[in-house]
Structure formats: structure tokens, C-alpha cells
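Across the two complexes that follow, chain A remains constant while its partner is chain B and subsequently chain C.
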Partner chain A sequence: MSPQTKQVLRVGKAQLDLLEELTNANGVSGNEIEIREIIRKKVAPFADEIKVDGMGNLLVIKHAKKPNAIKVMLDAHMDEVGFMIVEEDGDGLYEFEHVGGGDERQFVSKPVSVGSQKLPGVIGSKPIHLASEDEMNAVISQQGMRIDLGPAGKGKAKRGDYAAYATKFIRSGDAIFAKALDNRLGCATLIELLKTAPEHIELLAAFTVQEEIGLRGAKVAAYDFYPQMAIAVDSTPAFDFERPDGNENTEYNCKLGGGPAIYIADRGTLSDPRLIRFLTQVAEENKINYQYRQPGGGGTDAGALHLTRGGIPSVSVSVPGRYAHTAVMLARISDWQDTLNLLQQALAAWTPEILSGDRA
Partner chain B sequence: MEDITPFLLSLLSKPGISGYEESVSEIIADRWRPLVDELTISPLRSLHGLRKAATNERRPTLMIAAHMDAIGLMVKTINHGFFTITTVGGIDPRVLPGQLVTVHGKKELPGLVQLMPDRLLNNETASKAPTKNQLFVDTGLTQKELADLVKPGDLISFAQPPFEMTGGYIAGHSLDNRASVAALTLCLEEIKNYNLDCNVVAAATVQEELHGIGAATSTFSVRPDLAFAVDVTFAKGPGSNDYRTFSLGEGPAIGLGANNHPALTQKMTSLAEELDIPYFIEAMPTSSGTDGMAMQITANGIPTQVLSMSLRYMHTSVEMTSLKDIARTGRLLARFITDLNPDSFSKLFEEKTL
Partner chain C sequence: MKTLLKKLTETASPSGYESAIREVIRAEISSLSTNIKVDALGNLIVTMGKKTDNGLRVMIAAHMDEIGVIVSYVEKTGLVRFSNLGTILPQYLAGSRVVFLNGARGVINHDLPDDLHKIMPLNKHFIDVGATSDKDCLLKIGDVGVIDRSFVDLGKRVSAKSMDDRVACAVMIETMKKIKNNPHELVFVFSTQEEVQCKGATTAAYEIEPDLGIALDVTPSLDILGIKMQVDLGKGPAIKVRDMGMLSDPRVVSWMESTAKKNKIAYQLEVLDVGTTDAKVMQISKAGLPSGALSIPCRYVHSPSEVVDMDDVQATVNLLSALLNNPISL
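Right, the complex of A and B next:
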């Protein structure tokens, strides 16, 4: 294995400030412009080429300084789950649809930020005092909720406006509470990796759109870049709780504090075994905390990446996070640090031999 | 008159859960001190601000009361770094998943209320409306990091910061009933430069969310000749459109029904007309569900009137009300006070029979 990289990336104040800026900003699938503009400014000093493609993906290239360099694509989706205003009811109340996968039990009583003007709103429903016993036993359905801009918000939002949770970033020790950690953690990771791109790699960083509604941005970004291998960097849910029935939790997916979760198999992708072996080896040799995400459902942009053109060897590496697709996610700084270390060391240690053998 | 919004925002940033109102009581006391002649604290920690009549003769005493306590949560058990919870006051468990909270242990810790993911539940419990027993609080810290910082019985308050909405509305937790505390404060400011011909006790009461405990005890101590309970009521909104609900921002609601003395209801209605303040009549067929219940039946009975501001999403972290209605309520109360003297007091009850 080649020597370790000299400048080790650290999650310090600057990195946490970056993550705070990225998570407080809004980028519901289909409306990623605010995130894209933040990232564009952040990567400008390190990038050789920056462009925005026809779908809104931000494609950033850091050229290799050595000949015959391998083209490595790093992918992180910029979009987050959220809402779209679909109908005005009058009195500042708006009917909405959820954009992306979500559980309607999580929607109610949250502040939201509506439209490009970021109008303050809340998601409201009938109060407990007026609910019947039958209603109390039933899930509050999305149809029973409204996005409320207050009576003076009448006519202020229009059909098609996006709304995002208005959660503000909080740090508590090693814990972080924020919205959209899925996948601003991935975006922040790519921004950091661009700073220390090794000379023997043609680094192709794609900040993609519309992952939450079907991996749409990644598909065209991978086509454009046509890399020799790809890594999707994302956040994956940690279901690391004690089961209420007392049985062993065998479906935790991944665990907070367990380090980067390397994907083996999900609904859409069988990760390239050579890349799994390689990442494992890098983690072991550098004594980086890591875990395998439990094989099963779910998916990342890798589902689109590996099927592009004639096929691209791909793997996913995710920072574990609890409560994905809700108003407030929870992650650990140490897991992000370990993810950053693993990916940085993996890029540094890359050799062409890794993909020269057969896949399995 | 000073803008009440900054004061209200500070009230809404404090926990002040029922039985533990000190954090909010302190800032009310600071604000009221220059506005009253005497500021006292009752044995159960309600705050009483007395404005004396400008004479030593006997004058009627009016009490205006608003509860300052808020609903909240409490740590029940600690299990592998997660807390099971119980509620203080009436909270719909269905609004709790995804709520940011503050856990008041040995130090204040940010936390999050959540529910068990379906994949860890069986068919009977998955995808159901969450109940209190299924919810937990996660601080993101491990059991080891938590050490002995948190113990059962520690309070948990909503951490949602209050915020201003477009065009004179405000959202946050505990607008029920700190909106009314703000209305009382505006009233005290408005009557500050008047020589009064009555005594006024403004009371910020405790433990309303647990059956009007502060109001009952404060009314007993003050023994007013008449009393107003100032609280919030329901605004029209999603799923809320029947006779119990009122258009938000279009005036306070004057209670009508057994909990309200008809003479006071009548008087408040005519004052609102006179001052050109829009208002609603809130039909209260049996109970008002406010401090007014306990106040009315104190000692040998106190003529009581309930006055309310309508509010959306009661008992959530994003209650919403109108700053204009708060100001209108304060003005109505102030005018009632400056009109009150021994003559008007006796006239008030002359013609009306119960």
C-alpha cells in the first residue's frame, strides 16, 4: 500500500461551520440552487473546472498532476426531503405534498421556511383539546395538516413553492442535531476532500440533485464524468435502539459511533467487492473505525452510478445518522471524522491494480 | 407604549413548566416591578403585582390573572442513554416526534423526542399513532457520556425558539399562556400614569395546566371583589372550525356562560364597542377550561370573567397568535380598570341578577 497522505483532514471549527451553513440552507429535491451556490463558492479556490449541467448538478474537477491518472468520481447529493405547496386554502393556510420519502407522523408541529423569500411558517393540525378519542388513536394524516404562514401570509405563497424544515444546527459534545444531515454531511465531505486531492488521481466531484426522488442527478452526472470508479458519499440511517420487546436488535442497519458505514449490498447496488476489500484494508491499516452497513434495502446514488454507460465499479460510504428524512437528524462528529479519514486515505492509497483483477 | 414583542419573545424562550415557573417568573417580576406599588410572591410561587388606589379609603379590588406555567415533559426512566418520558399537562403524543427539547439535568442538554422505527416493532405497534409510552428522548450522547447528568424526574422543555411571522403574528411554545402575561403587562403599562380609584392585582399564576392550582390559591389570598381570567382560546385553522373557534387576529373573545358573571360579560362587550375593538362572544355552555373555573368558586365566590385571545395549534411547540389581539386585550382591561370606582362597581351589579 502506498504511503499515507501528509495533510490529514480534521473536523474542526471551520468544518463544523461549513456543515452548519449547509444544513441551515434549503435544498428540497428539484430546488437545490441555494446549496449549489454555497458549494460553488467553497470549492472555487481548489477546483480546476466547475460547471452546472442541464439538471442542476454541480460538477467539479480537480485534475491529476501525473499522467495516466485514474478518473475517480466522488458523489454526494445536495437535495433534502421537504414539501411543496400545492393549494391555497385562504387565511394563510396551504395544502402541501411531501417531496421524497417520509413518514407523515413526523410532519406536524414543525417550523418551515417557505419559498425563495423564506417566509416563516409552521405545519399545524387540530389541537388535542378539539380531537376526539378516536382521532387521538389515529395517525394525524397529511390531509389534516396545513402549512400555515399566519393570516397575513394569505396570498404570499404560490402553488409550486418549496418548503423546507426550518431547523437550526445545534452541537452538543460529539453530537450534532440538524436537518438535512442526509446529505450535507456528504457534501461537506467532498468539499474537504477536494482540498487535498492527491496528484495521481483525476478527481471528479459531483454534487447531485434529486437523489431523494429517484437518484436522477447521479445518473446524468456519471454519464458526463464517465469515471473508472465511483464512490457515493451519503448518510445512512442508524436504527441502533434497544427493541421495545426486549429481543436482540438484528436490524440496526448501522450504529452511531461505529465509523463510516461501507455498503455491501442495498436494494439497488451490489458494491464492487474489490472496492469493499480496498476500503476495508485502508481502514485496517490506518486504524480507522469503520463498519459494514447491514446488507438490505435502502439505497444511494451508487444505484444509478454503477449502471451508467457500460458499468462503473461503485461503492457507497455513509456517515451514520439517526432520524433520516425528519425535521431533526442526529449524527456524531467522530463518525464524520472517521469517514473523512477513510476516504482521504483511500484516495491517497489508490493504485491501478485494485481494479485490475476480476470483480470477485 | 413600548413594543411588547421582545418581552414576549423572552417569555417564550423560558421553560417555566408547571410547578417550576421560576425561570419565567423572574423576568415577569423584572418587567412588572416599575409598573406596580408592591410585588409579592405567593407560597406556591405565583407572582402578584399590586397597583393601589390613590386613596386610603376602601376601594374595590380587581384581580387580573394569567397563568405563566407551560406544559412540558419529564424523564421517567433512563435506558442505554435514552429517556422514556411522561407529560406535565395535556400534550398530544402525536405532535412530539421530531421535537427539539432541552433536558434539565445537572446541566442543560439538547435532546430530541422520537419514536421507535417501524422495523423494530411488531405488526401491532408499527405505523400506529405514537403514544406517550412509545416515545423517547435522545440526546445523542452515550450512557457513558451522560454519566449521572440526568435522573428520573428531571424536566424536559420544548426547545423550539419563538419566531415572528409575517404581519404581526408570533409562533412558539407556551404562547398559552404567556400571550396573556404580555396582555397583562400592556395593561399595567397603560394604567401606569393613572390615579386609580380601585386596587388592581395582576397575577401571573402557577400550575394552571394542572387544574388551576395557582389561580385558586392566589384568588384566596387576594380575595378580590371581581376577577378576570385572561387566557387563550382556539383559533380557526386546520380541522378547527366549529363554534369553539375564532378568526385569528380579529379580536379577543369575551366568555359567556356559567363561568362568567353576566354583568361583567355585558360590561366588557359594551367597552369593546365603545373602544371600537373587534371582539367575539365565546359561548361557554358549562366550563371555560381556564383559571376562571377555580377563581369563581374561591372563598364565598368571586364574580369572574374570562377573556381570551385565539390561538392556533394549542399545546404544541408552534402555537401561533396575533400581537394585535394581545394589545387589544391589554387595552380592554386597562379601560375597565380606569373606569372602575366604588360607584361604577356598585352600579355594575345593581341591575343584573344571576
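Right, the complex of A and C next:
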């Protein structure tokens, strides 16, 4: 196929509207109902089969148009980090715990939305006026904060209710500011790829639950699908600042504007080298901007996917994003578009021969 | 056996990148079985014999991966920053040499320390491949390598990198040559990615569905320090009772002990406070199975110069052969 005839995906108004709807919706780990129902409606026109499994994963199949097609699984987790109400202190003040890899240093003073009624609230603590010198130099502990719903919230929330950040989506030039870009970017990517699924592969899309608390949904989704290969699509942190001491930043993980981040190694997975090579080749042949995520810590659903049953060759591809696991993340439209195109071209170019040789 | 051990330990194959060692091992064992497979995670799976009425399907695993390094950044100066594949111990790094799978060689050192007596963390170390800048550096993000250290014959004892777990691969190969007329289906797995949480054995055990699982690995010997509960070099294979990931099935322990006694093979019991082996994931595969492990005592585990005793190595072959060549009744 010549480059001219290849379908190039653009992130336009429709895609940004989709991402806005997905990021404004709530879906803290363990409570993915709202986000799942939105995604279900989005994929319904393109899907051949849709089901929700026992854990709450949304499993979507787009059948191949020919027999004995290779089964390819795309995975994106739907859940986001957030909070859970533990105890009411009276007067609309609630003690809470965080859910997923929350960062205590930045909880304070963030607007939140509580429960299925989406009660508006804020995470509050002692203001600067009253803080001692010691307190000024320490991280405010979660025990010292409350979710404050105001007097109207008195008795409205109860133990076990979930709370999510209340940040609304903003687009500014090439930048997107939103909560939960980790991993609604991945969800939006899968939705777009389902629309353009190539005919020669059996496309198995899993919108998974509970990734942020230990890749729990992906484990059972992969067991059910048991594909011949799997790609986890996620968002990975970029810490691509200049260093204050002027030295080279050698630990940035990935860079905004660098294109999709292909994983080689993280804490949970050593990506299949055949898939790393394949994605690299697709990116280069199609002149798609890409980068390798720096090997190191962190992890994606691939950590669960590749260990399923007799093993599944797996790799992760992430859209870079700054300020992961906070109330506001920042990502670039161009990186997302490059990610979409890399994956679209990879699916189109997929052949079983890619995995016919031994893994390196 | 020393020749085989030299060949195995001088092969560079870190976790996730085991093709070189797989081919070395495949050449050693290809005449021993017609049923040789490589699975999705790269495990080399060699089946010998058929399960008879008084036999079991036994999975025996020795991991063929070794700890290694992976490039995370190339500085403008040409110095290379790296991350770990498996548990790399920073105290052994400065002055070590590394060899990459793409052929590049380099030396490791670290940034200027604030305190000479403190061990520098991994991310303060770099690899110098002789480049003058990032432009002429032979490495890029994601390139993998291992410690560059040749095998040395110290007589009764030998030293090399990656004795963990190539010495067990050698034991398994030698044992496979001694298998004859046994009633079991023996599935020998040269497993991958053990150093990053026993991944190869996880998927291999799922597919194999063994009745019994045995891991072969090294166990740290600190006999020079005389620390209690540690096995000694030269006192025979260690029969694992527990480690941090597994409690051996007591029936497997007593089967191993009685077989050793019957065959007059000296052995030790191992109660380990660090680490685990492939037996951990075999034990809890699917509906679970009786599992245990034989360990070869090894000094300076995860250093560039691990040391084992050849008498222990031979005795482990003898014990494993005795275990597998006879009916097993737990």
C-alpha cells in the first residue's frame, strides 16, 4: 500500500468533543458505571458484539471479514484516580481515603464531585493564616483534610461513596487541560480505532476497570479474549522540564510533542521486542513522530495482559501527559493524533509473520 | 561440566532478551527430545517421555535469563544512563564492564559522591562506551546489556557472572542426559524473565498443567560470614523448605530428603529470607500443584563474580536424576 492511499486520522472537533465528554465524566476505580455507559453508546454503532463482564470491563468485538483472522486485543483502562468517603463529621464535612495512586501533596483545595448525585465539594484544610512554621514546611496529611460539601451536603454522602476531581475540559491551541486524561485518551483512541478497524483482523477492544489499583480488570479481560497479541493504550507521565541546576534532564520519562511513547520496559512488563520493532518500523515508514518511553518504573495493563494463560505478546503505547494523577493533566492534540495514526497504521499493516520468529 | 558452564555463563541474555542463551541451550539438548517448543514468552520447553499409569507430569524449571542493564538516556557528553533488568546491586557496579547485545562495550562508573562511604544509587551511575558525544554513541534508549565477565576456573570451585541461574541450566542439561526408562512425562523448562518476577514460568506452568513442580536455582551462601540459616558451599544441594515467595510442599521436601539419603548424597535444608524461585508461580498455577526446589549454593549472588562449588553442582545432578528416574509417591 502506498502512503497516498493510507487513511490518515485527524483529531478534529468530533474527536475533541468525544474526549471532552469522556474526561468530564466520572469513573473512579471500582465505580466505572458512568464512563462505561458513555463508551458503550459511542461504540454501539461500530461494534459487532458488546458485553460487560463480571468485573465491569466493557468488552467490544469488531469481527474480521475473513475466517481464521488473527485476534488482536487493544486495551484501555476506563478508571481514574479519585477518592472515597469514609465518615461524615457533621456539617457537610467528610473524612475520605484516596483510591488509586493519589498524590497527597496536591489533594488540598481541589474541587471534587461526590457520589452519583455529583454533589459539589472541595478538599479543604487549614489555611496559611493559621499554619505554624512546621506545618508550612510539611505535606498536609490526608487526615488533616476534609471533603467539604457545605451545609447542603449534610447527610447527603455516605461511607463508600466515590468522589472524583471536578475539573472541566479546556482546549487551548494544541494543548488539552483535563482531569483523567489518564486514561480517557486511551479510551478515546480505542473508540476511534473501532470505527476504522481493518478487515483482516479480529479486533478485541477492552475498556477495563481498576487499572489504577493493580491492573485487576485487564487480567480477566485478557483471560476472556485470549488474543494472539495485545496492545495497552494509556497515558504516561511527561516530566520534561528544564532542570533547575541547568544540568541535562536525564529522567523525564517522555516528552510532550515527542509523539506516542512506545514502552520497552517498565516495572511490570518487558515489552515483546518483536512488537517494539514492528511499531518502530510502522512509525518510520509512515513518518509518524514517536518516542521510546524511558525504561524504568511505572506500569500499564500490559503487566497483566502478557502473563495471561499461556502468555500473550504485549506492548504498551501511551500518549504523553504532564501532571498525571492530579486534578489537571496537560496533553497535546498532536501527540494524540500521532498515537491514533501509529496504532491505525499498525493494525492495517499487521500480519501473523510479525510474531512467527522467536521472541528476542 | 566446566566447559558447559563456561559456555552458558559467557552468553549474554538478560531478562526478556533470552534468544542467545536459548540457542546455546537448544544446541546442547536438541538430540535428547523430539518435542521441543518455544512459547509466547520465549520459554524453551523440552518434553521427555510419556506419562504412564504410575508416573506424573513433572515440570522442572531453571531460568535462563540473567540480570542486566537497559539504556534510559544518552547524555550530550556521550555518557549513558541506564535502568535495571532484575535486581542489579549498585555496590558491584563501579569499575564493572558491560557488553550490549548490539556488540557495544563499556565501563560503569558513577557521579561524584557526596559521601565516599555511601553506596551510590543506580541512577547516579553511567556507562562510558568511549563516545565523545551523543552523536557518536553506539547506544540508544532501550538497548540492553549484561555484565562483561569471563568464566574463571578456581579448581574445586568456579566463578562467573550469571551462575544465577546458568549453573542450574547446566544441571538440568546434564540431568536430561541421564534420563532413561522413567515412568514420567518430564517437561524441562528453560524459563525466561525469572529475574523480573518469574514471568516465564507463570505462563509455562499454565500451558503444561504439571502434577508436580520443581525449580532449580541458586541460593545465597554466606558461609564465609557464618550467618545462621544460610547454606554452606560444598555441603551439597539445598532442599528448599521455604523462601519469601513459597513454602515448599512438605511431601516434596521429604521425598527429596529420603531420595538423597537413599542415594547417599549429602544435602542441606534451605530456609531463605530473601528472594524466591519459579516454584512460587508453579505452586499456585491454575488449581495448584505440589512444588519444591533444589538450590545450588552460590556465593556473591547478583555480583559480577558468583562462585559455586563443582561438587555441589555434580551432587545436584545426581540427586535430580535419582528423583526423576524413579516412581514418585508423595
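By our rule, the second predicted complex is superposed on the first by the 353 of 360 C-alpha atoms of A that agree within 3 Å, B and C clash if a C-alpha of one lies under 4 Å from a C-alpha of the other, contacts with A are read in each partner's own complex, and residues count from 1 in each chain.
Rule of thumb we're sticking to: a residue touches a chain if its C-beta (ideal position, glycine included) is under 8 Å from a C-beta of that chain, and two chains touch if they have at least 3 such contacts.
Not measured: the values here are computed from a predicted model.
Peer 1: Who does A:S125 touch here: chain B (first), chain C (second), both, or neither?
Peer 2: first
Peer 1: Quick one: is A:T236 in contact with chain B, with chain C, with both, or with neither? Answer first, second, both or neither.
Peer 2: neither
Peer 1: Go through the superposed model and pick first if A:P244 touches only chain B, second if only chain C, both, or neither.
Peer 2: So A:P244 only meets chain B here.
Peer 1: Should A:N31 be classified as contacting the first partner (chain B), the second (chain C), both, or neither?
Peer 2: neither
Peer 1: Check the residue A:G173 against both partner chains and state whether it touches chain B (first), chain C (second), both, or neither.
Peer 2: A:G173 sits against chain B, while chain C stays out of touch.
Peer 1: Counting only touches as set out at the top, which of chain B and chain C does A:A138 meet: first, second, both, neither?
Peer 2: first
Peer 1: Please tell me which partner, chain B or chain C, touches more residues of chain A.
Peer 2: Touching more of chain A: B.
Peer 1: Does chain B (first) or chain C (second) touch A:G153, or do both, or does neither?
Peer 2: A:G153 contacts chain B only, not chain C.
Peer 1: If you lay the two complexes on top of each other, which residues of chain A touch chain B in one and chain C in the other?
Peer 2: Residues 251 of chain A touch both chain B and chain C.
Peer 1: Inside the complex, what are the residues of chain A that reach chain B?
Peer 2: On the chain A side, the touching residues are 91, 93, 105-106, 108-111, 119-131, 136-140, 144-146, 148-153, 156, 167-168, 170, 172-177, 237, 239, 241-245, 249, 251, 256-257, 322-323, 326-328, 330-332.
Peer 1: Taking the complex as given, what residues does chain A use to touch chain C?
Peer 2: 248, 250-251, 264-265, 270, 273, 276, 292, 294-296, 306-313, 358-360
Peer 1: How about chain B: which of its residues touch chain A in the complex?
Peer 2: Per the touch definition, chain B meets chain A at residues 79-80, 82, 90-92, 94-95, 97-100, 109-110, 112, 114-117, 119-122, 125, 127-130, 134, 138-142, 145, 160-161, 163-169, 171, 234, 236-240, 242, 244-245, 247-249, 289, 312-318, 320, 322.
Peer 1: Which residues of chain C touch chain A in their complex?
Peer 2: For chain C paired with chain A, touching residues are 15-19, 22, 38-42, 70-73, 75-76, 81, 83, 85, 123, 140-142, 193, 196, 199, 202-204, 206-207.
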